[in-house]
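Some structures are shown below for you to check.
Heads up, the next two complexes both have subunit A, just with different partners, subunit B and then subunit C.
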Partner chain A sequence: MKKIWILACNTVKESFRKKTTYIIVLFALIMIASSEFFAFLSSTEQYKMITDTSFAVIEFFGFLLAMFGSISAVSSEIEKRTIYTLLTKPITRTNFVLGKYLGMFFILLINFSIMAVFFVGLLHFKKIPMDSGTFKALFLIFVEILVIASISLSLATFTSDAFNIIASSFIYIIGHLTGYGRQIIGMTKNIAVKGLADMMYTILPNYQNFTIRDKVVVGIPIPWQYVIIVTGYGIMYIVIALLIGIYFFRTREI
Partner chain B sequence: MAIIETKDLTKIYTIGRKRTVVGLDHLTLEIEEGELFGILGPNGSGKTTCLKLLLGTLFPTSGEAYIMGKTPYDVSMKKEVGFLPENPYYYEYLTGRELLIFYGKLFDMDKDALNEKIEELLNLVGLHNTQKLSLRHYSKGMLERIGLAASLINDPKILILDEPTTGLDPIGCRDTRNLLIQLKEMGKTILLSSHFLSEVERVCSRIAILHRGLLLALGRLDELMSKYKSSNLEDLFVKTINEYDEKIKSQGVAQ
Partner chain C sequence: MKQKIWPILLLALLLFIPLGFIQNQINYETIAYDLQTNLLLMPGEAGDMVLAGFKGIAADLLWINVENYWHTGQHFKMIPLFNMVTYLQPHWILAWSLGGWHMAYNVAADVKTVQGKYYWYQQGVQYLKRGVSYNPNKYDLYFELGWTYYNKGLDYSNSVRFLKQAVMYPCPSYVRDVLAHAYEKNGEINKAMEEWQKLLKTDFKGVAKRMIYDLKTRGWATP
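Up next is the complex of A and B:
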């Protein structure tokens, strides 16, 4: 456990000293701030626009941070060949994967908090009413980001960066298009395509479950039970993804 | 019992779908405690492959490897081992000192013991003045030096060094050689791969010569020299390799 912690700290240190994350976060903040250009709309419309856009921005940039962060956390060790030395120290390969993920957890927590605080501050400043729904929506976005990170990290243990980016983005898009996706599946006649698509939807995470911003914006209450169940759903995916990552990393030659 | 042991250790790399390259071919080797053992061979002869198999970053195609009777994947074995990879690369965003702290922590060292050790090692490798510089700004030889310090952080019983003097200046080479002798006198077992034959000649008690993954010669330096009627290691090295190549060539012609 202590080894995992030491590896996590080093991952966080790397992320802060490399400064690429700052740029992504800064960009996100600019986008959130610029959502107030919708000022020409009536005030309730404007509220909705600002909150809705900001949620979307935080989620999308969270996705970018999670995907690129996890990929670089693993493959920078491999590309820079620091892994040769690291794996000859008394750590297991499982320690390595879990340490990297714990590090990503802290990196994402920090960056997500910056975006969330900025967003809440903006709402406060604009005197836009907030309720528990705002925070539930933010919390579930964070859970989604953690799921994305676990999947990208797991893929990074056995695939190339390019493939990883494609696969992670594909899962992200598919995971958000579940509604449309199922409609399209319903229309296809080809059984093979249908079977494959059905299977994909059963296996891959449904990121749409984490998206409650459309309801929150119009004031539909979200019960706590829903938040808890969906969090459990996310944790399940994280555990499975990490187990897969550990399995592949243990068989990987360095 | 030998402290480092390989039995028919074989590594065949698969490149793409069909092509294979022999990295190491049925290597059987025993290194006793307290030995300073040199592993020699031309480029691509399998030295690095052998060391990586011993430390479990590569998996053997067949055969076995043990350090202190433990498999290469045993964490308790790694506690007693120091390793310096060839052309070491380290976290360029860390400073020299931070690197040593990071590795030291992975060995569960407590803060005071670690700080004391770091002082000692920085002085030993002559990097005391640049300990606060990030590794991005280190020169090749400085990286080799910090790597050597890092491999000694846990005061290992066994040291495995892959070309520790490549990139070092003459003084660094001499210092490393003296350090190796000193470590041997302290009772440590050292497995060293090197291309600097004059150096190996001066420090190693036994050597192995690899070529195309095969073990061509193994034994005490003086014994091998008299066997091959060589006056120095370079001569011995060239003779062994040539003898093998000619044998292969004549077999090829005969077929």
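Up next is the complex of A and C:
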């Protein structure tokens, strides 16, 4: 556990040395603060648009941070050849993957907290009412970002950076559409197609589960039960992604 | 000795089974708590937003176009956009109420013929009714419907029908006041009186007192 912790701390330190993280977070804060663009709208419309935009910005920039952070956490060690030194020490490849992920968890937690605090501060400043739904939506966005990070990290253990960026982005888009895809496939009578679609539906991450922000902004109450189940789904997916990452990293020749 | 690593992959694959069960439970909860979303494929930026999972932003972009059309007097162009916005976010009350109002009032005013005016009034009413079907547990759209029947259609019996529904849910005092007026216009004076009596305990006390006085002295309160 200590080895994983040391690796995680190093990953966090490494991330703060890079300018990319700061630039992404800065862009996100600028986007959230740009709510003044909506000043021409009525207060009710403004409220919805500020909240919508902020949630979307936090999620999208969180996705970028998770994807690029996870990719560079693994690939920079390989490129700089520091991984040889690491793996000759009594650090297993499993320790390496778990340590990197734990490090990513803290990086994302810090950056997400900055964006979330800024957003909540903006709502407070604009005197826009907040309820538990706002915090539930933020929490599920964070869980979604963690799932994205686990997938990107897992892919980083056995693919090139370019392929990883394309695959992670593709999974991100598809992950938001699997529900619709299943509805469409549900209309077909072909059992083989249906079975294949069901399999894909289970294997691909369903990011739509985490997307409650569209409901929160229009005042639909989100029960805690839903938040807990979706969090369980997220944790389960992270475990699966990390296991796959560990498997491929252990088979990889470095 | 080389360690076997295939059990890790097997474990990962086996975990997809409970994951499938969790997903089924989430699907059930989504239906139970009315958290489903609709997909609307459309060209342009809004379509890209939908594909990336940002339906709220897509609806907002469309809404900004609605505002633009409204301020430039292009009322007819607003109609398909209203339909898109409410398809994407059927629980956004403002989109329903403003859409219904635009059709029943502004578009109807733009049309020259009597039949055309009546057609757009009906379109507005139908649109609001559709909104009610998505949001049956809030007073807002019942009130909008009741008010449109009362003010635009002068159809007091239908107005009473929907305003009665509106006051069944938590609502501001003016909703009950409009219901009282609708009762009076519909010839149900006693019921109108009852509603204003109820309002004596609210922030509408002053208005209610005046209405009761007018009803008792003049025999009518609503001009």
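Simple rule for what comes next: the second predicted complex is superposed on the first by the 234 of 254 C-alpha atoms of A that agree within 3 Å, B and C clash if a C-alpha of one lies under 4 Å from a C-alpha of the other, contacts with A are read in each partner's own complex, and residues count from 1 in each chain.
As a working rule, a contact is a pair of C-beta atoms (placed from the backbone, for glycine too) under 8 Å apart; a residue touches a chain by one contact, two chains touch by 3 or more.
Because the structure is predicted, anything quoted here is derived from the model rather than measured.
Contacts of A:224 after superposition on the shared chain: neither subunit B nor subunit C is touched. Among subunit B and subunit C, the chain that touches a larger number of residues in subunit A is C.
When the shared chain is aligned, no partner comes close enough to touch A:22: not subunit B, not subunit C.
Using the contact criterion defined above for the overlaid structures, shared-chain residue A:211 touches subunit C, although it does not reach subunit B.
When both complexes are overlaid on chain A, the residue A:90 reaches subunit B alone and has no touch with subunit C.
Judged by the touch definition given at the top, the superposed model places A:13 against subunit B, while subunit C stays out of reach. With both structures placed on the common chain, the touch criterion links A:163 to neither subunit B nor subunit C.
Overlap of the subunit B and subunit C contact sets on subunit A: residues 251. Of all the residues in subunit C, the ones that touch subunit A in their complex are 5-6, 8-9, 11-12, 15-16, 18-20, 22-23, 25-26, 29-30, 33-35, 37, 39, 51-57, 59-60, 63, 67, 89, 91-94. Within the complex, the subunit A residues that touch subunit B are 2-3, 6, 10, 13-14, 17-18, 80-85, 87-92, 251, 253-254. On subunit A, the positions that touch subunit C within their shared complex are 40-41, 44-45, 48-49, 52-53, 55-56, 59-60, 172-173, 175-177, 179-180, 201-203, 206-209, 211-215, 217-223, 225-226, 229-230, 232-233, 236-237, 239-240, 243-244, 246-247, 250-251. Listing the residues of subunit B that touch subunit A in their complex gives 52, 55-59, 75-76, 78-79, 81, 83, 85, 87-94, 102-103, 105-108, 147, 150.
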